[in-house]
Amino acid sequence: MTSPLDAETVRIWGEQYSNWGRWGPDDERGALNFITPGRILAACALPRAGKVISCALNFDHRGPQDGRGGRHNPIHTMIADGGDALAGAQDFLAGGFRYADDTVTMPLQCGTQWDALSHVFYDGLMYNGRDMKLVTSRGAQANSIDKIKDGVVGRGVLLDLPRYRGVDWLEDGTAILPEELDACAEANGVAVESGDIVLVRTGMMTRCLAEKSWAGYCGGPAPGLSIHCAHWLYEREVAAVATDTWGLEVTPNETPDCFQPLHMISLRNTGVLFGEIFHLDALADDCAADGNHAFLFTAPPLPITGAVGSPINPLAIK
Amino acid sequence: MTSPLDAETVRIWGEQYSNWGRWGPDDERGALNFITPGRILAACALPRAGKVISCALNFDHRGPQDGRGGRHNPIHTMIADGGDALAGAQDFLAGGFRYADDTVTMPLQCGTQWDALSHVFYDGLMYNGRDMKLVTSRGAQANSIDKIKDGVVGRGVLLDLPRYRGVDWLEDGTAILPEELDACAEANGVAVESGDIVLVRTGMMTRCLAEKSWAGYCGGPAPGLSIHCAHWLYEREVAAVATDTWGLEVTPNETPDCFQPLHMISLRNTGVLFGEIFHLDALADDCAADGNHAFLFTAPPLPITGAVGSPINPLAIK
Amino acid sequence: MTSPLDAETVRIWGEQYSNWGRWGPDDERGALNFITPGRILAACALPRAGKVISCALNFDHRGPQDGRGGRHNPIHTMIADGGDALAGAQDFLAGGFRYADDTVTMPLQCGTQWDALSHVFYDGLMYNGRDMKLVTSRGAQANSIDKIKDGVVGRGVLLDLPRYRGVDWLEDGTAILPEELDACAEANGVAVESGDIVLVRTGMMTRCLAEKSWAGYCGGPAPGLSIHCAHWLYEREVAAVATDTWGLEVTPNETPDCFQPLHMISLRNTGVLFGEIFHLDALADDCAADGNHAFLFTAPPLPITGAVGSPINPLAIK
Amino acid sequence: MTSPLDAETVRIWGEQYSNWGRWGPDDERGALNFITPGRILAACALPRAGKVISCALNFDHRGPQDGRGGRHNPIHTMIADGGDALAGAQDFLAGGFRYADDTVTMPLQCGTQWDALSHVFYDGLMYNGRDMKLVTSRGAQANSIDKIKDGVVGRGVLLDLPRYRGVDWLEDGTAILPEELDACAEANGVAVESGDIVLVRTGMMTRCLAEKSWAGYCGGPAPGLSIHCAHWLYEREVAAVATDTWGLEVTPNETPDCFQPLHMISLRNTGVLFGEIFHLDALADDCAADGNHAFLFTAPPLPITGAVGSPINPLAIK
């Protein structure tokens, strides 16, 4: 018989799986510290094909956002273009040089992205015991995304759950347990190790793209990691974990009285970097084709000073 | 005796150093095509230290932009923060989960960035003979930055001109000639090869940061590549070239009647990816320390659909 | 028997109802010139109740825009707030002074607004024969909204069509003919005169608000002015006309081969200012109550240099 | 002998000149309540010339903002323009209809503007005793600018201090005392009355425009109202007060330990609407010419839901 899962569970597991202080009181990199130089070199030795596969969804007005939480899709506007050149508006430039230029307005977590370690709080604190008061309209004074600008590079491991189960995608509400993560990895001849960046494909994005509808994608019921993965992420010393869903965790959450409990435990206490809205289909097809589910992985965040997240273009190098 | 350099030179050299059609009429990747699978694998074999060094300047209001051409520094605003949590504005969320979220408004070329192959035109055409009419307020329908989302990964080579010359930084107006690029490379035990990503440090950013002033950085006199590098970039089959300056080229330009002639030849005709506002000091220090000026380099653009450039966080992996 | 209405009709009527040159070749105010000092003074003499009624829909994320044409609803973000004060982020200010500050990103025509005379073109020209080449990424060099910053003040006349017909709102696709405008005015004891600002209520916004849905509001079928009003607007010397709909004109348009024909004739040739997305319900109720459908009306645009439209807060002073 | 002016003075005077509760516990309009229907009708009777004069500075990149407090000048971008039409990007529209459209990103207080009654706090409270916790990243839940959308209309009175003193502009640091406001009014044959909107010209903007430099305009030393005007604003029942400066008050402030003390007293406690960055030169010239310093005045804010300020185009109707 198990206890009910609730906010109290989150607090207890948060304490148990905490890395606060593990890399000193000033640490702002969290579990990325598991990616040692040796791990980086080992990851660089993985590629066999010399192939690069992006795990980003294009950033544009067709993205998944519906306004929830003030997040809209990227707004891309031109500040100079070919039409200007045609209209003679660039004739101030010497010679025939003409150009285009553009700008974007985008919530930093509107598409494929990393959550910074300043993205979530609990009981007034964020990763490594820092006060949430450090995050105001002027940005995050600690744990911000620019603190990990010399990252993210390491070994990536794809866990393709739908293929493992033999389905097109997991049903909404499916909780992925650590046992299945291990079994899926084993089936693909790989084991999750310290410092790995784990990419979990649920197929939810595959379905949305197939159905040409993002309805329910943002914040609705979704397949995702169970709160029971908290122990696994901690014990395996996973550096970063990402999915093809909006919020990484199974929704509805398993804790009726706590929203996104895995964020609370694994991001806030364990210091694991969370990635969301990854587009994993091309990578999944490639891994299925060559049977190789581990690769060199690089996904550098834009070092926007004080930001609590960043859009990214994650690359798998195989 | 040499002919004067002018817009006519640009047209002639553009024809001579053109890669239009080389990879087919539909190609939108340009010289990135030189980065073959073999080159990628060779680049992955370079790291010896397992170290990652970012070449990005942080993106914030202290950036170099002064409004020229409508480019401003990034505007970072919070749409949820710790103050909200304190004020009770997040109490609609179950349990103790509290969070921060943010947004950015930024010109895509306001900081460390890639120019897309749709960034410049001449005589109505851009790379691979495509009409500049394809670039309007709705974005670029060809040669946009999202077309190279499976990049940029390859061998990076740092050419640290100030160190080579024994100065802190090159003076404004210094034209860097291809002979000096070769000599600098040779002095560091490396030779530029097909598919390389060449990072040329002029020290201009070092000076601006030391002087705590960006005055003149954007569009003013600057050290940079001479138009004579056009042949070198073509012949060496350079995939991408980047500097620590605003515009990569020496300013004032060597062609009185044509602005940014190297862009016109090498970006538009040769299809070389141009990078600007790279922060190369940390990398330069590291290369000087270990004597190793070639490394695995990755700088994925954000695949903003139809964009003519992208902010990036370039990583050197040594 | 009448000829079919088509793009050719638009060209012919455009010539017939043209005010190009009427106020000189440099004029950028169009039909606002009909609002003479005498008309302004007469309008100021209208108020009897000392009451002010706004005709603006609030600007926020609940607005009507659905992304069509790149128009989104206003994005309002705080750059300083009470939460910051609580968190101590404003303690750099002497004494107890604390403050809030904010910013908006909004398409200028996303809500209650004026179209500038540079908003539409035909055959390469806009109002007063100016070339559309004058409108580029750098804004409109002629006929821009800031050219009418000393406006809009005059007599407003409400024509409340649903009340006149005894219905809650006009059905989508209902074309409003000039005869009905006159009849409606007469029924309310008022006649449209030179320099008037005519507010035509269709009830479409009433319906959307009642149904809590903007579906179809932007660009879908809608009640609105018939192309036959072109002559009436010209002859009556109407200064400005506005409705509670997205596009003022009946949709589907009466000209199968020309989108928004009344804009083409009356805005471009006649120089009438067009207002859209006006919220006329409170004003309509008040006019019905006191029987007075003419009032002092003021709706100053924000003088954004080079803009082709402006959000406004139109006020009826009764 | 007088006591020193300090934060304690602010608290005491704030209590003395408080209008909290005067119009009920739910009031969010403050001193605008002094503009009774009778006052509005009286104001409408003022115009003699039928002339409209804007008091707005154009909103564009040449504005006064320098980034202080995160405020930048307006960013105006086109999302459709004549160049697009030339390039064929609008050919999806039936017939010859072509158009331009645009968007703006602007801090709401970057130019000519009203402060909302939620703009400032003291001891945790804003106007009418409301908690500053009501102002978070989601906007102001009370005292926001949209609560006064049926305004601002009333009698405007210009107090042209430089002309009164016979100088081009007041020197920076000049404190304007209530006695001088009265004397200036009297010299111009007008007396400030209940419900008036008082426009105080210091000439600072005149100087900046003449010198083509905004250096020091935002937050630097400036002429402006003395804290001693707090009693005058309260007693005279002024509805709104505005100047041609950044911050309305004399700077450096007269209270060394409290920033912007008049905001704290008169905006927060008395509930007077504050206007800033008004462009009063054309109006001043006109008043000097006809000797008439009172006029109908209208300056409707954009009703942006939850906003703590609004850009405006104030109109004097004479």
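All chains are identified by letter, namely A, B, C and D, in their written order; residue positions are counted from 1 within each chain.
Following the convention adopted for this analysis, a contact is a pair of C-beta atoms (placed from the backbone, for glycine too) under 8 Å apart; a residue touches a chain by one contact, two chains touch by 3 or more.
Computed from a predicted model, the values in this text were never measured in an experiment.
Engineer: For chain C and chain D, what is the smallest step count along a path of chains that touch one another?
Structural biologist: 1
Engineer: Among the other chains, which touch chain A and chain B together?
Structural biologist: Common neighbours, chain A/chain B: C, D.
Engineer: Indicate whether more than half of the residue numbers at the chain A-chain D interface occur in both copies; give same if so and different if not.
Structural biologist: Result for this pair: same.
Engineer: Of the chain pairs B-C and A-C, which one is connected by the greater count of C-beta contacts?
Structural biologist: Between A-C and B-C, contacts are more numerous in A-C.
Engineer: Using CA atoms for the superposition, what rotation angle relates chain B to chain D, in steps of 5 degrees?
Structural biologist: The two chains, chain B and chain D, differ by a rotation of 180 degrees.
Engineer: Measuring from the mean C-alpha position of chain A to the mean C-alpha position of chain C, what distance in angstrom results?
Structural biologist: It comes to 45 Å between the two C-alpha centres.
Engineer: Please set out, as single numbers or ranges, the residues of chain D touching at least two other chains.
Structural biologist: 70, 75, 77-87, 89, 103, 105, 132-138 - these are the residues of chain D that touch more than one other chain.
Engineer: Once you've mapped the touching chain pairs, tell me: line, ring, star, complete or other?
Structural biologist: Here the contact pattern is complete, since every chain touches every other one.
Engineer: How about chain A: which of its residues touch chain C in the complex?
Structural biologist: 61, 67, 70, 72, 75, 77-81, 83-84, 87-89, 105, 132-138
Engineer: Across the complex, what residues on chain A touch chain B?
Structural biologist: So the residues of chain A touching chain B come out as 6-7, 10, 36-41, 44-54, 56, 58-60, 62, 69-71, 74, 76-83, 85-86, 93-109, 118-124, 131-140, 146, 149-151, 153, 253, 255-261, 263-264, 296, 298-309, 311-315, 317.
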